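In the two complexes that follow, subunit A is the common piece, with subunit B as its partner first and subunit C second.
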Partner chain A sequence: MSVLIEIKDLKVHYPIRSGFWNRVTDHVYAADGVSFEIEAGKTYGLVGESGSGKSTIGKAIVGLEKVTSGQILYKGQDVSKASVRRHMKYNKDVQMIFQDSLSSLNPKKTIYEIIAEPIRNFENLDKSAEKQRIIELLEIVGLSSNAMYQYPHQFSGGQRQRIGIARAISTNPKLIIADEPVSALDLSIQAQVLNFMKKIQRELGISFLFISHDLGVVRHMTENIAIMHLGRFVELGTREDIYNNPQHIYTKRLLSAIPQIDIANRDANKAQRAAIEAQYQAERQNFYDADGLAYPMHKITASHWVSTPPTEKGATK
Partner chain B sequence: MSEKILLSIKDVSTAFKINGEYYTAIDKVSLDLHQDEVLAIVGESGSGKSTLATSIIGLHNMNATKINGEIDFNGRDILKLNESEFNQLRGNDMGMIFQDPLAALNPLMRIGDQIKETLDVHSDMTENQKNARVHELIDQVGIPNPERVARQFPHELSGGMRQRIIIAIAIANKPELIIADEPTTALDVTIQAQILDLLKDIQQENHAGIILITHDLGVVAEVADTVAVMYAGEIVEQGPVDIIFNEPKHPYTRSLLRAMPTLDTENDDLYVIEGSVPSIKKMDRNSDLFAPRIPWVPVTPGHPEIKEVAPGHLVRGENWKYFKFKDEV
Partner chain C sequence: MAEKPEVNEAMAGVPKTPQEINEQDVVVSAPSTLKTVIREFKQDKVATVALILLIVLFVVVAVWSFFIPNSKVTDVNIMDQYLQMGTSGHILGTDEQGRDLLLMLIASAKNSLFIALMITIIGQVFGIIFGMITGYFGGIVDTIIMRIIDFWTVLPFMMIIIVLVSIVSKYNIWTLIGIIGLFSWQGTTRLIRSKVLSESDRDYVRASKTSGSSNVMIMFREVLPNLSSIIIVDSTLTFAGNIGIETTLSFLGFGLPNGTPSLGTMISAATDPTVLVSKAYVWVPAAVFIIVITVGISFVGQVLRRAFDARQRLG
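Moving on, here comes the complex of A and B:
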């Protein structure tokens, strides 16, 4: 498979201003030296707690966040610059789905206007072809064509999220970044949206970068998973690598915290969780450098990368 | 779980006034909560689970709400109490934990003073005793350095820490009943696990009964002793936690469990429950409210009643006996 986007040593730092002159006194290291590749037609999960920088990375890839340093290479060009993005119509190929479907749709516009906007930005369709395309898109996301003339508030949460998906796929993108797309939805609606995203991913061959804190949903949705902590990747691998053979202490801690539907072994699970938490507190300094940040990752198998201290024997790169 | 019944809810219905007309939000709910029991109330948005909690703790505007039935708490019918009698109960015998810890704390008040507030109202301790109790409580909910934290303001604490403070306030007077409405929904998964373990520990120490309201089945499976599943304002299935997860009967319970992503669903589609929860104005209480979500099952006329199918296991209606999922028919 061919590499679609390559992210090289991406850093996004936010300045902290303080004092009388409002000078920059420090930085928040939201993303600090992140590198990975997105291949065409594959699904990627980006997992971390709040404040880990996972949304920052998503936003930086679509171009909603100013990159401090590093490169985002698409077709050999660095799209971290706005002029390059505009010139190569980058956002026709890379689209985003947001967490809060109500605030990401303009309440004063009809569904027709909302979906037509990205089409008008990148394509020159006449009125009837445009309408045809919108009817098609609504059909793909399972809404009737009457929906065109309605406003966002007239739809339920699940339907709105599907409208957000229709807008994202309207330009036939190659990559969709989905930032917590189901976190605000009820279980039965979540199932509907997830199925639906899987279906369009399969049928249209779109790559997905799925950003979430919910490890259950990520396991269901994606083949490749990156675990992020404090602005850096701590582990990267296939679904099997991460769930069956976690190496980093933070990954283990995150996995042990997922509530289990296993009533018979409830107390054993609780004890194991406490043991891993204790191990995490005790061994923390072995996995993080003097500033409390994760070490760079090293390859341990063809698909599996783990952040380890530079002196260990796994250091091949 | 002890034999002593702490809270007994009998045929409680709550209706809200919308444009001059009353609409039923919860319909004839009956439940018992024992001492030392964690009862989880599960349902989607609009199922009436939070309305049930606020009906118990008396947080409704009575000008626009009508509550019928009986809520028996330690031998008193609390629906018959007046406001000042109720205030004696709230915060002292009952504690409530809310979903959003930032909204539930006063941003202008120091943490210690907020915890002390409930002690001021409900106890006759001296100032020194209260301060000592505040530090003890902060320590009990697992926050290091209680003296310093007591002097801080809510914005200086993280989300998980704030939720611990809310728990400290709720347990300040060692209430017999704790109502927790989605206590971990706003928290990260690692913090969630810590808060759930903490709730369980506190319950065992204080011998309290906990009503845990949540939409997260994983949370239920981790902490609950008994479960009540609500749909459209009524309980559709109720029983011990292992029965609910291992031998669910009602079509709604089975549908919810099937919609959850699990280990074996990696490459399959998830089960989708057809349709949506009816709005409060459109609920026809003379019919089976879940029937429209399983249209392939023949409809039985009238409103199904909840019946005991095994000791402690209650299921509404009869159609669970022959219910099959669409792909199994």
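Moving on, here comes the complex of A and C:
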């Protein structure tokens, strides 16, 4: 498979200003030296706790966040600069689905105008072709063509998120960044929207970068998973690598936190979670450097990368 | 806007078992803006009366003023000086120059309202443009524009207008509008800026960016429609204030040039003590007109403000 986007040592730092002169006194390291590749047609999951920088990475890739340093390479060009993005119509190929479906749709615009916006900007279609395309898109996301003339507030959360998806796929993108697309929806609608995204992904061959803190959702949706902690990757691998053979202590802790409905073994599960938590507290200093940040990752199998201390290179088992 | 969604009445009446209801059938709609405004007016009787009165006055002034020949408000006729109300066909009497006060009132009101309207438009247009730019881009642009506005607002604008009016040589209604307009956009800029700051942090703005829209397009095509409510309210209320500014200047003698009737110059007849005391009919109608218009506009503005802010609503 060909590499679609390559992210090299991506850093996004926010300045903290304080003091009388409002000078920059420190930085928030939202993303701190992240590197990975996105291959065409594959799904990637980006998992981590709140504030670990996963949304920042997504926004940086789509061009909504200023990159402090590092490169995002697409078709051999560094798209971390706005001028390059505009020149090569980058956002025609890379689109985003937002978490809050209501605020991501302009309340004063009809669905037609909302979906038509990227089409008008990136493709030169005449009026009737444009309308045809919008009806087609609404059909793909399972909405009737009447929806065109309605306003966002007239739809339910699930329908709105599907309108967001229709907008994202309207220019036939190669990659869609989905920033917690279902976390604002209730469970029954979550399943509906997720299956829907999976179907679209299969049919249109789009790569997905799926940002979520919900490990169940990520397992359902993605083939490759990256675990983030405090702005750095701690583990990167296929779904099987991460779920069946977690190497980093944070990954283990995160996986043990998935709630299980297993009343018969409730005490056993509870004990196991306690054991992992105890292990995390005990071994913490082995996995994080003096500043409490994760070490750079090392390859342990062809697909599996783990952040380990330099001295134990590839030796953790 | 945080309007309470209501299940469409037609649907609410029909009992349905859960199986029968499918997605297309359930129409959840928020009441339209117009409906909300009408409901708010129904809740406020005073404002409703004020609105009707305003509409009547504006229509009468706008239509009638076209039929008043200029000579009626400029020609001096000493013979008819200070006629009482209702004498020889002058319903409101005549002033010092013997001009019919009713016709004067209509012509003055037309000039004053026109000036106030133009100033409001200037203030809103520049206020919206600067407020948009400063709120949307933020950072250094915001700092520069806001500091200029801070400086501008501490200037004693009445004094400056009077000075400018005195030094401008070729002086007419448009120069007056321009000079007052210089001081009419700062408040609107602040207001628009604050709203744009909160709007431009919403996801639909980000979605527009990833959809390839330029900043100008996002500002004026995406964000601006969402500001329509506060723009309507702000222009209504500043309109009332602008009538006051123009009439004050005319009253002081720095407003409209001689020969152009204004409500302010009509009231300034009261600076003559005998007129003030014994010939109140000369200046009272103009004063009452100004009070009715400005108070009426304020009432209507309050209702609009409540209609667009769900927390303040009465109904």
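Everything that follows uses one rule, which is that the second predicted complex is superposed on the first by the 313 of 317 C-alpha atoms of A that agree within 3 Å, B and C clash if a C-alpha of one lies under 4 Å from a C-alpha of the other, contacts with A are read in each partner's own complex, and residues count from 1 in each chain.
Here is the rule we go by: a residue touches a chain if its C-beta (ideal position, glycine included) is under 8 Å from a C-beta of that chain, and two chains touch if they have at least 3 such contacts.
All values reported here derive from a predicted model rather than from experimental measurement.
Residue contacts after overlaying the shared chain place A:220 against subunit B, while subunit C stays out of touching range. Contact with subunit B, but none with subunit C, is seen for A:187 once the two complexes are overlaid on the shared chain.
For subunit A, the partner that touches more of its residues is B, with subunit B and subunit C as the two candidates.
When the two structures are aligned on the shared chain, A:149 is found in touch with neither subunit B nor subunit C.
In the superposition on chain A, A:95 makes contact with subunit C only, not with subunit B.
In the superposition on chain A, A:263 makes contact with subunit B only, not with subunit C. When both complexes are overlaid on chain A, the residue A:122 reaches subunit C alone and has no touch with subunit B. Residues 156 of subunit A are contacted both by subunit B in one complex and by subunit C in the other. For subunit A in complex with subunit B, the touching residues are 49-50, 156, 158, 186-192, 194-195, 198-199, 213-217, 219-220, 239, 253-254, 256-264, 266, 269-270, 273-274, 277. Contacts from subunit C toward subunit A in the complex involve residues 1, 3, 5, 23-24, 27-30, 202-204, 206-213, 222, 225-226, 228. Those residues of subunit B that touch subunit A in the shared complex are 44-45, 159, 188-194, 196-197, 200, 215-219, 221-222, 241-242, 245-246, 255-256, 259-263, 265-266, 269-273, 276. Interface residues of subunit A, counted against subunit C in their complex, comprise 59, 62-64, 89, 91-92, 94-96, 98-100, 103-109, 117-118, 121-122, 144, 146, 153-154, 156, 159, 164, 167.
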